[in-house]
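Take a look at these structures.
Next come two complexes, and both contain chain A; in the first it sits with chain B, in the second with chain C.
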Partner chain A sequence: MASETVSVPFDVYRYLPGKDAAPRYQRYTLELTPHTPVLTGLLRIRDEVDPTLGLRYSCRSAICGSCAMQINQKSRLACETQVGPELARHGRIVVEPMRNQPVLRDLVVDQTPFWREYAKVEPHLKLDPRRPMPAGKPTPMTPAEVERFRETPRCIACAACYSACPAAEADPEFPGPMALAKLYRFAVDPRDTAHQERLLRIQPNGLWLCLRCHLCTEACPKDVRPSERIRDLKEMAIAAQGATELGSRHAVGFKRNLREGGTLNEMKLVRQTYGVLGMLPQLPHGLKIWRKKPEVARKPHPIEGLDDLQKIYDALDPEAKR
Partner chain B sequence: MLRHEVVVVGAGLAGQRAALAAVEAGRDVAIVTKLHPLRSHSGAAQGGINAAIGVDDSVDAHIYDTVKGSDYLGDQDAIEYFCREAGPTVIEMEHFGTIFTRAEDGTLAQRPFGGAGFPRTVYAADRTGLALLQGLWERLGSERFTLYEEWELARIVVRDGRTQGIVALNRRTGEVQGIAAKAVIVATGGAGRIYGRTTNAHSCTGDGMAVAYRAGAFLKDMEFVQFHPTALLEGGILVTEGARGEGGILKNASGERFMSRYAPKVLELASRDVVSRAITTEIQEGRGFSGPYGPYVHLEVMHLGKEKIESRLQEICDLCRSFAGIDPVTQPIPIAPAQHYMMGGVGTNIEGETNLPGLYAAGEAACVSIHGANRLGGNSLMETLVFGKSAGVAAAAYAAKAAPTSVEAEELAPVEAELRGWLGRTDGEDPSALRGELQRVMDRYVNIFRNPADLAEGLRQVRALQERFARVRVVDRSTVFNLNLSDAVETGHMLDLAEVIIVGAQARTESRGAHFRTDYPKRDDAGWMKHTLAQRAPGGPALSYSPVGFTRWEPKERVY
Partner chain C sequence: MKLAYYPGCVAKESGREVDLATRYVCRTLGIELVDFPKFSCCGSGFIDEANEVLNVAINARNIAIAEAAGLDLLTVCSTCQGMLTLAQLRMRDAAVRSKVDATLRPLGIDYRGTAKVTHLLRVLVEGVGLDAVRAKVRRPLAGMKVGAFYGCHLLRPADELGWESGEEPHAFEDLLSALGAEPVFYRGRVLCCGFPVQFVKGETAGRIAGRQILDAKDHGAEAMATPCPLCHISLDAYQGPAAKQVGRPLDMPVFHLPQLVGLAFGATPEELGLARHLVPTDAVVAKVPPAAR
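Right after this comes the complex of A and B.
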């Protein structure tokens, strides 16, 4: 490990709402070894330069989830992000508060929206009194059943995913990646007796607002992979109640559409998504597209080798054969 | 003034379990915590939680191991209660929703741990604390209680011979408020940040211990400070005992598996005090490696194979890779001991009662004592739950019968005046600089091996820091998230506790468990088989002693 120090410029977001007219960035330059965590740098600023810097931190070992922030535009834990690679890539360390949550002071955000969404998915075991847990014994659960949780038990609720999520930014109705990963954790728990109810509730309540951009998975410091669990929840929700939402009907239509002809039949997809009556409000928009691109209205020819494609589809998903 | 029947300070496992018990007893409960409950330091516990539920194991074996591990300073009646409750408690946590690692047959998997005769440690990979914290918070979350999140404890109010409530500082608004309570439960965890090299989180500043001490409660056995054998880098990031439980071995710079000289029978699975002293001895005698973060030895897990390392020691793998640039699958882990746990704390009985009516304590903040002079790995998570519950039950019962209490303006005033004094200075001492100096003093003079000259010098320096603290200055004038103010509050607490640790260590002229005196290297059962009790007095802590509770286990020489 190199122990030579280098000069590390930090540009730190400073803002005290109600007192400061606007946020500003303050430059602090520290001599640090390249493997120094960003958090250590920020604490040195606090201890040695400017004790008024506001931030949350506690364990400094990536398990308490306190120190998530934007570091060079990415949602990261400050304790496990080293200054060296950041400096090499960006030439400086820009530190900002997490997004999608109002700033209380400097790097400290109000996490009320994040915790509200967490609470909404009812993150606790729901039990059926007619199916009590075995008295005086742990519930049997095989390693294979534990595997079904995937990496969701590793979640430290740091909100890095929530900060990275464009759907949470665009639509306050979107529960966000962490809450949905938590919902998944309960929806696969063999002890929970409300799987069906959970899935029925989530489909019309934001599940399909996920943009599948996978930024949450990229941001997650614990490899929870929320976007993959959201994908699983979508499949589970459709299996539980069929496609009831625009999003799920679109997904199901898309898949069916491709299996039938090997290419997208856009007119059909619109009908599959909105239904015949639901298409009416879409009419002006459709006409506009049609004027520019009349071929959208034509039924596309099935592609060559459709048989092979269908075999692949059927092999991957025997259920879809219908 | 805010008012509740039971106020729990601290929202880690002990605080949450106490709150759940009090809520279930029908009381109006509030939790006051400086961190969101899921960010509590309980979540950083890695290796596991002990319960003798294996087919070949027995509650008696767990009791014996704990008594022996405590170096016969643990109260045997409390240990018996603790070990009997352990099995039902781990099952209850499973029923609450905790996701544990499982054996192929669907039962709870158990791994070997230091100082234990059987694989007794139930676990969730190497994030058992997080798994329990999630399980308990999710269970508690469906109950009704009030959460004061990011509030700091400033004072416990005692009047007319009983606890009246607390005074706390709201970190988000800067307001100082009284919260009246018929019963207060201190569950604020440990005080590892008294040391510079510690596995503990920055938040572990012993607030509850110090505030209870100032209110007149006894602090018990504070000189017993546990150093974890395996911590990483200069700061001392924890590497779980589970690494050795799974088969990890320790080697010195000559490649020798040196534990064979210190604990020939159980090697790396001796209890923590033994292994930490062995590593320190190797280093002091020149058989360690030297590196940019100080001397160290190697912890090797390579021989366990990639699959086992990456599944059972997943978090350790990540920590080594992202913090130290080391891959445990192919490289040894550089480790050295670091402060880890306070065996001492606010003195309580099994019910969590302190010497002050209406004041209870549980978890690391308390000292029942079941750990005595040395805690076994895997016993502290269980302690938080077993004694969190008993304190919650007892506090709820007390509150149900107690007359109303109040926190009066004149009890708030001294806290406000003190904070105003700090904020009003134009010149004075920087709290974080004082904290840094305290940490250096404790690392240097009050560590694994102790001697009278070091302890005297340590005490002299701590008292000098206390004097300087009287002129502490907070430069941040903001009311919102004023961490400069929090630094001052916490540093004041830690200075009090450091003094108690040293005074207790000076008086105890023997070596027992984690307290090792080079001038008195033997245990002295005739003179010292007793608990230290420290009570605040004008000239510093006044010490008295109380007997150890005995049932069936006669003291023997402790060999591993």
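Right after this comes the complex of A and C.
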């Protein structure tokens, strides 16, 4: 049964750098059924109303990953986002290009930064030439091994995660969620022989800039859950080479800090992360905070039942005792 | 209503204004808070990065403490809320469960997974209900334009721990309206405050916090409010460095969620610890008409 059509206002970002002085939003109103994909609406605008509208798309089936854009400020595939729910929540459909990548024209962005980070993680199996895979024979894997990369190979490289990422927005040093999820995928592949080498390279290359805000996991159309795999990578990287960066020193310091009293000792954590000398640049602003919140410099009372907490540590993380 | 009160580290120490305000609000609403000196810190997401199973066990212990008393938990921090809820979810995985149980049981700690863990925001909106909240308002925050700032771990991953949309929530704005304030909607309200990289790269953390504050300001907010004391550290205690990063003065007063509720219930600034903020709140509080006698 065909549904009734409704009037759907699209506010579409229009910008041709070098020609337009500034971006503008153009209103197009279409009669569409609520289950119509946003992409279908945009193609109708391009084909029937305004042939100059620039957009990128291909399969229309959420497989190719070409049509990622911002729909009412969420990074989404236009082909699988229906107009009805968006209209219900926002009363209109605001369509903008993906974030964190320069606009080429209207909804089309230059994906060079995204692909550069992807290439850097060497997203291919690295095999040991001395131990070739037996020709014509599958490599056996245990169910547990398969489980570890159940999600990551589903990635279609649409860059929705990169667009949604506030770390990528604020700091070009962060490789972005997709590149790291891809790295994880090879770092747990039992056929790959470069696990250690891969893990040794990520700590100094922006791993710890992940904010664990999980916006990538919200945006991902394939449920790759990049933020959760980045968490895994952090633990794996510490196991592979110890805490070499401020981020890992902070995480390991926090862990040890808590073992001592059960409540965070804030001042001590600063020292555990930066070292005594490294604390000095923090001092001027630290003093401003201390004037209002003197507790930052105070050792908190240990919790009751600290013995139990320490026994949990001894069983699950004996290293934290140091 | 009687709840096991899990304040988290910040509310116990450098952010004790959260604790003051929470107790004021709960007292006013007749919510009985039970303290447990045995509660430890939730690990704040950092222990999770270093050792996931340890993090689950630490929080399973916290939850079991409340369960032994037959109580649900109340959190006042988005990060505590996220960590405790994630521990409950991870404990549904048989392998994790058996490892953690094997550690906790010999200590006489029995994790059952029956207690609910709920943030104050949700307790106010759903447990108490906005009508009951409205009934206690003695000093409506008339016309105060407030940008809610949720804190990631209250919302995401939404399929695992959210009760609201991970990207388009509205509970906080609904609460602000019930207090008489005018909620300001801006993109940054669901983004990160920068706190997790404060120690990794202060400039990046400042840039992130600064952008969200500017976004709220550019949408007309004269104050912000957050249910997360860690976001408060980024948005208030580190607002100075954030302003340097974005190259514009910010001067944005940032309230803890229970402080704004307390203010609307008629509490004095002293009762809410407002003087403990780095960015003064006096001017915006002074604009609120005094409580009706």
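Simple rule for what comes next: the second predicted complex is superposed on the first by the 302 of 322 C-alpha atoms of A that agree within 3 Å, B and C clash if a C-alpha of one lies under 4 Å from a C-alpha of the other, contacts with A are read in each partner's own complex, and residues count from 1 in each chain.
By our rule, a residue touches a chain if its C-beta (ideal position, glycine included) is under 8 Å from a C-beta of that chain, and two chains touch if they have at least 3 such contacts.
Note that this is a predicted model, so its numbers are computed, not measured.
K.L.:
Put the two structures on top of each other at chain A: do chain B and chain C fit, or clash?
P.N.:
Partners fit side by side after overlay.
K.L.:
At the Cα centre of chain A, what angle separates the centres of chain B and chain C, to the nearest 10 degrees?
P.N.:
The vertex angle at chain A equals 140 degrees.
K.L.:
For A:311, using the defined touch cut-off, is the partner it touches chain B, chain C, both, or neither? Pick first, second, both or neither.
P.N.:
second
K.L.:
What is the contact status of A:65 with respect to chain B (first) and chain C (second): first, second, both, or neither?
P.N.:
first
K.L.:
Taking the superposition on A as described, I'd like to know which of chain B and chain C A:74 touches: first, second, both or neither.
P.N.:
second
K.L.:
Examine A:293 and indicate which partner it touches, taking first as chain B and second as chain C; both and neither are also allowed.
P.N.:
second
K.L.:
Smallest separation in Å between any Cα of chain B and any Cα of chain C in the superposed model?
P.N.:
15
K.L.:
Per the contact definition, I'd like the list of chain A residues that touch chain C in the complex.
P.N.:
On the chain A side, the touching residues are 73-74, 89, 166-167, 169-171, 208-215, 217-218, 225, 227-228, 231-232, 234-235, 238, 245-248, 250-252, 254-255, 258, 262-264, 266, 270, 273-274, 285, 288-289, 292-293, 295-296, 298, 300, 303-305, 308-309, 311-313, 315-317, 320.
K.L.:
Can you name the residues of chain C that touch chain A in the complex?
P.N.:
9, 12-16, 37-41, 43-54, 57-58, 61, 99, 102-104, 107, 109, 152, 156-158, 166-168, 187, 190-192, 194, 196-197, 199-201, 204, 207-208, 211, 237-238, 240-241, 275-278
K.L.:
Going by the contact rule at the top, pick out the chain A residues touching chain B in the complex.
P.N.:
Listed in rising order, the residues are 1, 3, 16, 19, 33, 35, 37, 46-47, 51-55, 57-66, 80, 82, 104-106, 108, 111, 115, 119, 122-125, 133, 136-143, 145-146, 149, 153-157, 189, 191, 222.
K.L.:
Which residues of chain B touch chain A in their complex?
P.N.:
35-36, 38-41, 43-44, 88, 90-91, 94-97, 99-108, 124, 127, 129-131, 134, 138-139, 141-142, 172, 201-203, 235, 237-238, 291-292, 314-315, 318-319, 322-325, 430, 432-433, 436, 475-476, 478, 480-481, 483-484, 487
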